[in-house]
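Letters A, B, C and D mark the chains as written, and numbering starts fresh at 1 in each.
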Amino acid sequence: MSAELDSLYQEIILDHYKNPHHKGLRDPFEAEVHHVNPTCGDEVTLRVHVADGVVADVSYDAVGCSISQASTSVMTDLVIGKPVEEAMSIHEEFLTLMQGKGNVEPDEEVLEDGIAFSGVAKFPARVKCALLGWMAWKDATGQSLDSQSISSQGGTDD
Amino acid sequence: MEGLLPDLEVVRKDFPILSRTTPDGRPLVYLDSANTSQKPQVVIDAMVDHLERHNANVARAMHLLGAEATEAFEGGRDKVASFIGASERDEVIFTKNASEALNLVANTLALPGPRQVGPGDVVVTTEMEHHSNIVPWQMLTQRTGADLRWFTFDDQGLLDLSQVDELITERTKVVTFTWVSNMLGTINPVAELTRRAHEVGAIVVVDASQAAPQLPIDLAAMAPEERPDVVVFTGHKVVGPTGIGVLWGRRELLEELPPFLGGGEMIETVTMERSTYAGLPHKFEAGTPPIVESVGLGAAVDYLAALDMEAVHRHEQAITAYALDGLSGVPGLKVLGPLDARLRGGAISFELDGVHPHDVAQVLDVRGVAVRAGHHCARPAHAKFGVQSSTRMSSYLYTTPAEIDALVEALHYTRSYFKVD
Amino acid sequence: MEGLLPDLEVVRKDFPILSRTTPDGRPLVYLDSANTSQKPQVVIDAMVDHLERHNANVARAMHLLGAEATEAFEGGRDKVASFIGASERDEVIFTKNASEALNLVANTLALPGPRQVGPGDVVVTTEMEHHSNIVPWQMLTQRTGADLRWFTFDDQGLLDLSQVDELITERTKVVTFTWVSNMLGTINPVAELTRRAHEVGAIVVVDASQAAPQLPIDLAAMAPEERPDVVVFTGHKVVGPTGIGVLWGRRELLEELPPFLGGGEMIETVTMERSTYAGLPHKFEAGTPPIVESVGLGAAVDYLAALDMEAVHRHEQAITAYALDGLSGVPGLKVLGPLDARLRGGAISFELDGVHPHDVAQVLDVRGVAVRAGHHCARPAHAKFGVQSSTRMSSYLYTTPAEIDALVEALHYTRSYFKVD
Amino acid sequence: MSAELDSLYQEIILDHYKNPHHKGLRDPFEAEVHHVNPTCGDEVTLRVHVADGVVADVSYDAVGCSISQASTSVMTDLVIGKPVEEAMSIHEEFLTLMQGKGNVEPDEEVLEDGIAFSGVAKFPARVKCALLGWMAWKDATGQSLDSQSISSQGGTDD
């Protein structure tokens, strides 16, 4: 029984929960989103700053359970500094892991601390928790890119 | 007889109620399936298993039973989506019945939003609709000042398509019609009407309450311009339980419509001042959904899919042809609707000269033959024939030719009992 | 322990799911009954018997099965009417759940009629409502230009009744509140609030979703001025099935309200141009009603009545007192709501310092203890305490003191697992 | 089986069905009502003329099954010419018979041809048919009396 719990609450997760990385809302950013898990009320407000096709910063403020907090923290570690395209593919990889019902073998090269969440995939009710921050990031990044393409379009119009 | 379901006797064993008898020991001949279908054991068992072993509320619950119940409930949605070939499971909304589904669309079209219906707009329906596809549109048009117009039908029970240009115009915002009539049996030309409606930018709402039980429906296989925007049907007519209906809608349309009922499950966040709403499908599912009903409906559509809806359709057509033939031998009997089985579904309404439908149904009932007498929730279609009511037999996948024989024989008896001639 | 149901172990045997175990063989401790209740065998059996032997559509069918199904369905209505002491069976309307019942009232109050709510009118609710008793009124007031106002509550979770004079005025058209809170557990003063509302001519809508399972309700015994005009509850919380809710309303009020959903069953006559509507209860029951659900609900309320609702209430109070006592021994645990079992129902929400409610519920689940974590569809009430969510245990008539012990022990374990201290 | 049917369709009923009494709409009348059985669509339009506290005439137009037609016909026989109070008590008696599920012994003195409907009480789905005309009569008679008390009140006001 404790083994079952331990597979969910791996040390890495509890560490990130107690000491979240990159927390707090920062400037500059192109997009800010607010995502909610309607079932349980967990919330995240998240900002993305993209510069030259690279995820320059992700900052956030969030309330929620250990899984949602830790996964948001791990996500920032994984995407900050990466080209947007690469970051999106990490997102894909994490999504695949989470939706795999525990049958997907995570690639530590790509997901780093994220592999600690492979146990979460066996708890369907918690998958949404683990994805809250990631979904917010994807949404915000999409909006950042849109706003940039609009402003750069605006540029060519001049 | 050709076209019958293979192993019909085995299939019938799946339906416990079919072995019931009348008080004086006659076998039950259930010919009222357009009203509601009987349930196979697998559907009942799935519901019992759920209630005895997995019952919990869904979505909100994080515990073992909650996870099981949620999986079972959402599994029902997946099965329904695949049964009708929906491209996305989240386009499948559970309502309480087909009537609520139609009201949901009609009500939300009255509210502010990109699709809002207003004065001068036209809503088109038909004269052969079930009341559930008339009254909601009367309410919508009365409340918004829009005009309700309708296709009439001819003596054969076929829609008068010569009215298309007059009815479907730039003013038309909604075109709604039944896929298969529950009274006349008529099968309407969904693709053609939908294409015409889409040409003027109207949305198309199809009442598939009688089609879903009888015809294969494959939304994915339809050309987009011929695919309705909304298709509704009801659980209890597809061998599933009461208490659940299905509203399939094209995602973009469902997103444009404002929410209908407010409450638990359909919200994103709530403060006392204002609320924001959840995404599909939950936006339209306020309160605790029909959980055990979804489990039952999932088992039901799986059962139908395993039989193969093409085979079910062939069976219905074979039985209907046989019934039309048998009925034509009863003196003074007049069928209201198409006489060609290929143009129709399995509901056959008729008049019997000199005997009121109630009295027909009563005599039939005493002989164990269950049919419906009345207006079948289609008074306007009856008015068209100048009558208040009719008698209706409706077969389904478990109906045998021998049951049709029993009906025909009982009709002859009815005539002699009432000394007609 | 005093107050428990006599023969509690025998009663528990009525509920098949209570003998389930977790994957590693622990007994299931179901403490999520405010979310949904478990079902006794008699309810399941009644539904099975109906589906296997008596299934047909109701009202419309004149045959043997149709008569049996109608009697069974309407029998459910009779049983519900007697369960709540309604003076007239036709005042009992079946909806799909409590949420639809509340929406029905809120929606029809927006329509033209003697009770129509308009600009300047006030609708009063409370800050401790379930979302299903907030969102419909937000929609109503937003659509009609009326004002939504609300009672707040104090640290103990009790309504601030000093606001009565300010909130309930000549402008007030509707006063609505929950009888028993699903989050705080608070029991609200129905008689007093109703009397005050009636003094200004407002109608009173009571959400009895949590009250009906736990307290005896006897409308007939209430003084008319203290009797609410509408009382709603939901089938799945009173050991009945999902897919059915109850709206009881005073006849005169229900007659004043226009119909809600349009369609089959709710009409008197239909022409293409206009329709007239049936009398109560059918006026508000469009489409095929929840037939097998009424059969299940009828068996459910009969089961509760046989146990005796006074005894069920005593049981809940005894268990709740025992639970409050046990929880008070868990360090860092804070109950959100009244601490006196006599002032409250059986839902106890709490915070545990240092562990998020999700994580509490998760650890408890692994130990077989099923509780709910989240906002329990009462975000405004949570916001009041400055939190998004809480953990909630909720007992019912089948809950034993040993199950409360298991909860308390699992909470101690949770603290040690998360190394709180 | 035929016995069961015969208990429902007694000769008297079939006779009234084939030759309904007092059918057709006539003047004078104080109230006209239109009643429908929503389940099956049967309809009756019925007029009542009350004079000096006596049911002077009941006339009607109706579509429906043998039971509803015959019962309306029998009703007119029973109430026309009776003081309103007595007619109402016959109505009560008929209602009791119909709602008795076949366990009420009808009083031929009071109900005359109406006793033929005792078999109908055993067919719950048909009870509404048998009551359609009676309910319409009760409604119309109530309205007649109301209209008379209003006009007589009007009289005293002069």
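The rule is simple: contacts are C-beta pairs under 8 Å (C-beta built on N, C-alpha and C of every residue); 3 or more make two chains touch, one makes a residue touch a chain.
These numbers come from a predicted model, not from an experiment.
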item: Separation of chain D from chain A in steps, with touching chains one step apart; value: 2
item: Winner on C-beta contact pairs when A-B is weighed against A-C; value: A-C
item: Rounded Å distance between chain C and chain D, as computed from the means of their C-alpha atoms; value: 44
item: Where chain A and chain C are represented by their mean Cα positions, the distance between them in whole Å; value: 38
item: Inter-centroid spacing, chain C versus chain B (mean Cα positions, whole Å); value: 31
item: Two or more partner chains touched - positions in chain B; value: 60-62, 66, 267, 269, 358, 362, 373-374, 379
item: Per-residue overlap in chain A, given as positions that touch at least 2 other chains; value: 39-41, 123, 126
item: Complete list of chain pairs which touch one another; value: A-B, A-C, B-C, B-D, C-D
item: Chain D partner contacts - residues on chain B that touch it in the complex; value: 24, 26, 356-359, 362-363, 366-367, 373-375, 379, 382, 388-389, 417-418
item: Complex contacts: residues of chain B adjacent to chain C; value: 16-17, 20, 22-23, 28, 30, 32, 35-36, 38-39, 43-44, 47-48, 51-57, 60-66, 95-100, 102-103, 106, 111, 127, 130-136, 138-139, 143, 148, 150, 234, 236, 241-245, 261-267, 269-272, 274-275, 286-293, 358, 361-362, 364-365, 368-374, 376-377, 379-380, 383
item: Touching residues on chain D, where the partner in the complex is chain C; value: 36, 38-41, 123-126
item: Complex contacts: residues of chain D adjacent to chain B; value: 1-2, 4-5, 8-9, 14, 39-43, 63-68, 123, 126, 129
item: In the complex with chain D, residue positions of chain C that touch it; value: 59-62, 66-67, 70-71, 267-269, 278, 282
